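Heads up, there are several structures right after this.
Look at the two complexes coming up: chain A is in both, with chain B in one and chain C in the other.
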Partner chain A sequence: MKQFNRFLLIWDQKFSQILLGLVLFTTVFLLSLASPFFMTWDNWRNILDQSALQVIIAVGMTFVICTGGIDLSVGSVTALSGVCMAAAMHAGVSVEMAVFGGIVAGAFVGMSNGLLVSRLNLNPFIVTLGTMAVARGVALIITKGIPIYGFSREFTWWGNGHIGPLNPPMLTAVFIALLGALVLNKTKLGYYTLALGGNEEALRRSGVAYKLYKLIVYTICGITAAIGGLVVTARLNTAEPLAGSMFELDAIAAVVLGGTDMKGGRGSITGTVTACLLLGVLRNGLTILSIPSYYQQLAIGVIILVAIIISELRLKNAPGHGNIIH
Partner chain B sequence: MSNQSIKPTIEIAHLSKSFGNIEALCDVSLEIYSGEILAIVGDNGAGKSTLIKILSGALTADQGQIIVGDKSYSSLSPGKAIGLGISTVYQDLALVDCRDVASNIFLGWEPVYAGFFVDKRKMQKEAGKILADLQINIPSLNTPVGLLSGGQRQGVAVARAILQGGKVIIFDEPTAAMGLQESAKVIKLLLKLREEGIAVIVISHNLHQVFEISDRICVMRHGRVAAICKTKESLPSQIVELIMGAPDKGACVAAGVYSDEAI
Partner chain C sequence: MTKNKRILTICLLIIFVLTLGGCGSNSNESKVVNEGKEPAKQVSDPKVEENEKILMDQLQPMPELKKGEKIGILVITLANPYWVTLKESYERAAKELGVNVEVMAAPNEGDTKSQLETLQAMTAKDYQGLIISPIEPYNLVPGVVSANKKGIKVVNLGPGINVDAVKEAGGKLDGRITVDFAEQGQRAAEYIVEKIGKDGGKVAIIQGIPGAGQSEGRTSGARKVFENTPGIELVSIQPGNWDRNTAYNITTNLLQAHPDIKGIFCCNDVMALAAADALVAAGKREGRIIFGVDFIDEAKEAIGTGKLDGSIAYSMDAYAKAGIILCLKTIQGMEVPKQVNSPLAVVTRENIQEYKNWH
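The block that comes next holds the complex of A and B.
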């Protein structure tokens, strides 16, 4: 009986991930029946390459959403960090320092978000809507609206290089996802990230420097978005000031699809990664099946809505959502 | 229980606090001794909550001192209060519903290994031990606290206060939202804490309960201490009179007048 209870508990906590895994598996199975090309390595390499960028950005977003917040600025930050790297390299700065500078720029935007949200207690939706416009504006000012292109091989390796059968974006994504899962599940930062979303006041009354932790979480999201900027810029060999628009929506969609609660308190990096893969597989599959891209957009939108409806219906019976009998 | 020759665990000296024009606390002094249960009673707005919030570090007093050991403090933060051994079990319990029992008990004080990773095994082991000591029965330490019953949740909040090393544990309305059986359990728990030499402060509206468990009763009225009585030497009717203000003297007489007469 105790074993069974334990099973139920795990089932309850991992419900989203298990369901998502099953959906991914079924989709892959059906697509492999529908098209002989789908299961080839070339195609999978393509899927993983596309998903890698989304994973990198969505991991940071998972942390922010776990605190009950949101970061709309990630798309602009990918553009800003790419533009900073490009401008620095064209000014003669070394590749390492340029990449470092671009990531610092992303961390700075994230930190500004964190400061405004935690210190001034402002609504993260509005704050990051503002910094989204500011970061985009700065990227346009730096480039005067004209893309910067043409970088050294050393830099473009980050987007197009080869490491065995894989490439740097994929390995970066794997590294960030593993690190993110470790931090979220095993460290104080992760514990407090989830507690912030669950009951911020409880954390305050326990004497935790909760504002500092919130600041760190937003900074992490800025850093992952900046790493996304590195990948995009290196892959295209171009720093486009308008790059990364709608990235924030893709990232939020993946996080929510992955079972992280928009109200905060529960979240999973595994879920986020699985959701990124599912979205990647779907886009790829629909393309292979020659379904026009307008329908792809529609299909993916519907899937996200269905996922949210399922998770909301289930959460109505879960703890921490106002229906507990005290 | 309390013996005036023993040094108090905590002494509150002349605390005052105003919110704008409203005087929430006015020159409140109080001593709390280890191994006693001090009940604080009073009508709504009498200043009980303000006093407790200042003690637990949630509010800062305008004037006055909190004396712990040889040191006196004019203000505390939540972390500092806990560090000094003042733990609070809030009325809303301050639990994170979506997190498991052990994470809640150790909230803010998680043990780490390798300087970085939370030692979950140690947390679960110690949480299990504290809960067993308190005779609180919780099926699994992995359960999110949102799924527990009121009494179990209270137990988790108390376990946290004990883990924080509380020499003084403040209970804000510990049985307000509970059934009879669960209330009885909580009362047993309070008596057990007293036995262990912890100074217990209980805020309650339930006079019957106050008389059942407390050693001393502090009656607050209009932000002042109207009286501090030994429970054994008082009658419920006297306490009610102190809470309400004696009817024959009328409401216009300042509450402070009674404090001298009553003691």
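The block that comes next holds the complex of A and C.
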């Protein structure tokens, strides 16, 4: 009986992830029945390659959403940091320095978001909506609207190199996801991140430098978006000022689908990663089945809505809703 | 709690059934479109036949037909009527030539990442050839390389994929068919200049997405004409992103800044129609020339009623057919010309009657 209770507890805590895992598994199973081209390594390599970018950006977004905030600027930051790297390299800066510079640019936008949200206590939705436009504008100004093309092999390796059967974006994604999970679940920073979303007031009263933690969380999100910029620029061997459009929505969708609560206080990197894979598998599968893009948009939208409805329904009936930290 | 979970399980089952039901019925539907419904037979038109003949002459000798090759086609987006028309043309041509085609697209005009993902998923299938039209010159490069690796022939139709970028990534394009974008811009601009007459005046250009091949080509062609004509002052080049609403707003702003503007060249018809609408709404349509490119159905109607002054046309049916033939030739290992260009026609208020049955 005791064991059964324990089982129920885990089941309850990990409900979203287990559910999502099952959905992913079933989707894969059904798609492999539906098309002989789905279950090939080449195709899986495509799926993993495409999901990698989304995982990288969504991990940062998970942190922000755990605090009860949101970051709409990630898509523009992806473009901006890619453009910064490209412009620097074309100006003769070494690859390492250019990449570093691009990531600093991303961190800077993230930090600005964090400062505005924490110090001035502004609404993150509006703040990041603003920085989204600012970052996009700067990217367009730097490039004058024309994509910057052609980099050294050393740089493009980050997008399309080979490491055994895998490639650098996949491994970067795995690394960032592991690091993210570790930080969120095992460190003080992770604990406070969840606490910020769960009960900011309590955190403030207990004398924690909660503004600092908020700043760090938004900076993390800027950095992961910038790493996303590295991957997308290297993969296409081009820095496009219009790259990354809708990335923010893809990332938010994955985070929410992964069981992180939009109100904050509860979140999971595993869930986010599973959700990215599910979305990747769905997009790929629908294309393989030659389903027109109209239906793809519709299907993905419906799935996200259903996921949110399920999670809300469940929470309403769960005890102590809103303050769960685990 | 258990009751709650039961409800959730049921919800979950419903999603599956819905998703799968959706998938199943959609794929059936597309089959019906291909096999059941006869694509509307077009009335033969001397202008189109002439256009088609010029194209086909560039493609001699013909490949073997009716062998049932499977060709995947990737267009830019089916949210733009131009690509929807082209898709229909592809499907008609495929039926005529006895090949199987599947037409895929990105969800919207600017989604370069989704377009690449779609192409990569397509390379995992059993197509023998692909005909692709990229959103911008670089976004599909990695997809071309993966198609090369799998031995799938790749033909680039319309906006160009950057050949150097493909080469650098270790791939190649097997064929290329396009229209001369600079010539489109040039001929539209020549008409505008002629209509404005020797008094001269202000003109503007509304581009597509900056950096996109069609947009840059058409802009540079038109720009050259405007800048080299004495009396004509090119006051502004604005990016309309192929978007109706953006083009509408640009036109309103242009009117504010230059109430005496005499001509606007738009890089496609959708934007030209929006520009015309904006002028009509401001009550300033009279005495201004609006010219588009592509000659979509809506433009045909608008030129007939005088809302639009003209458009640059090329036969979509002939274009799509030539694309498929070119792809078949590469699949069958035949020699192909380095680049095939589609001939152009300038359709205006004056000659619209001759183009009534254009397709």
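By our rule, the second predicted complex is superposed on the first by the 318 of 326 C-alpha atoms of A that agree within 3 Å, B and C clash if a C-alpha of one lies under 4 Å from a C-alpha of the other, contacts with A are read in each partner's own complex, and residues count from 1 in each chain.
Convention: contacts are C-beta pairs under 8 Å (C-beta built on N, C-alpha and C of every residue); 3 or more make two chains touch, one makes a residue touch a chain.
Predicted model only: the values in this text are computed from it and were never measured.
Using the contact criterion defined above for the overlaid structures, shared-chain residue A:Val306 touches chain C, although it does not reach chain B.
Comparing chain B with chain C, the partner in contact with more residues of chain A is C. Of the two partner chains, chain B is the only one touched by A:Lys186; chain C is not. Applying the stated contact rule after C-alpha superposition, one finds that A:Gly198 touches chain B and leaves chain C untouched. In the superposition on chain A, A:Thr62 makes contact with neither chain B nor chain C. By the touch criterion stated above, A:Ser245 is placed in contact with chain C alone, chain B being left untouched.
Interface residues of chain A facing chain C in the complex, by the touch rule stated above, are 19, 22-23, 26-27, 30, 34-35, 37-38, 40, 42-43, 46, 49-50, 53, 144-147, 149-150, 160, 232, 235-238, 240, 242-246, 283-284, 286-297, 299, 302-303, 306, 309-310, 313-314, 317. Residues of chain C that touch chain A in their complex: 1, 4, 7-8, 11-12, 15-16, 18-20, 22-23, 26-27, 30, 77-78, 102, 104-107, 110-114, 116-118, 120-126, 136-139, 141-142, 146, 150, 162, 164-165, 168-169, 209-211, 239.
The part of chain B that touches chain A in the complex is made up of residues 56-58, 77-83, 88, 90, 94-99, 103, 107-110, 112, 116-118, 120, 139-140, 142-147, 149-150, 153, 160, 177. Residue ranges of chain A in contact with chain B, taken from their complex: 2, 5-6, 9, 186-188, 190-191, 194-195, 197-199, 201-208, 261, 265-266, 318-321, 324-326.
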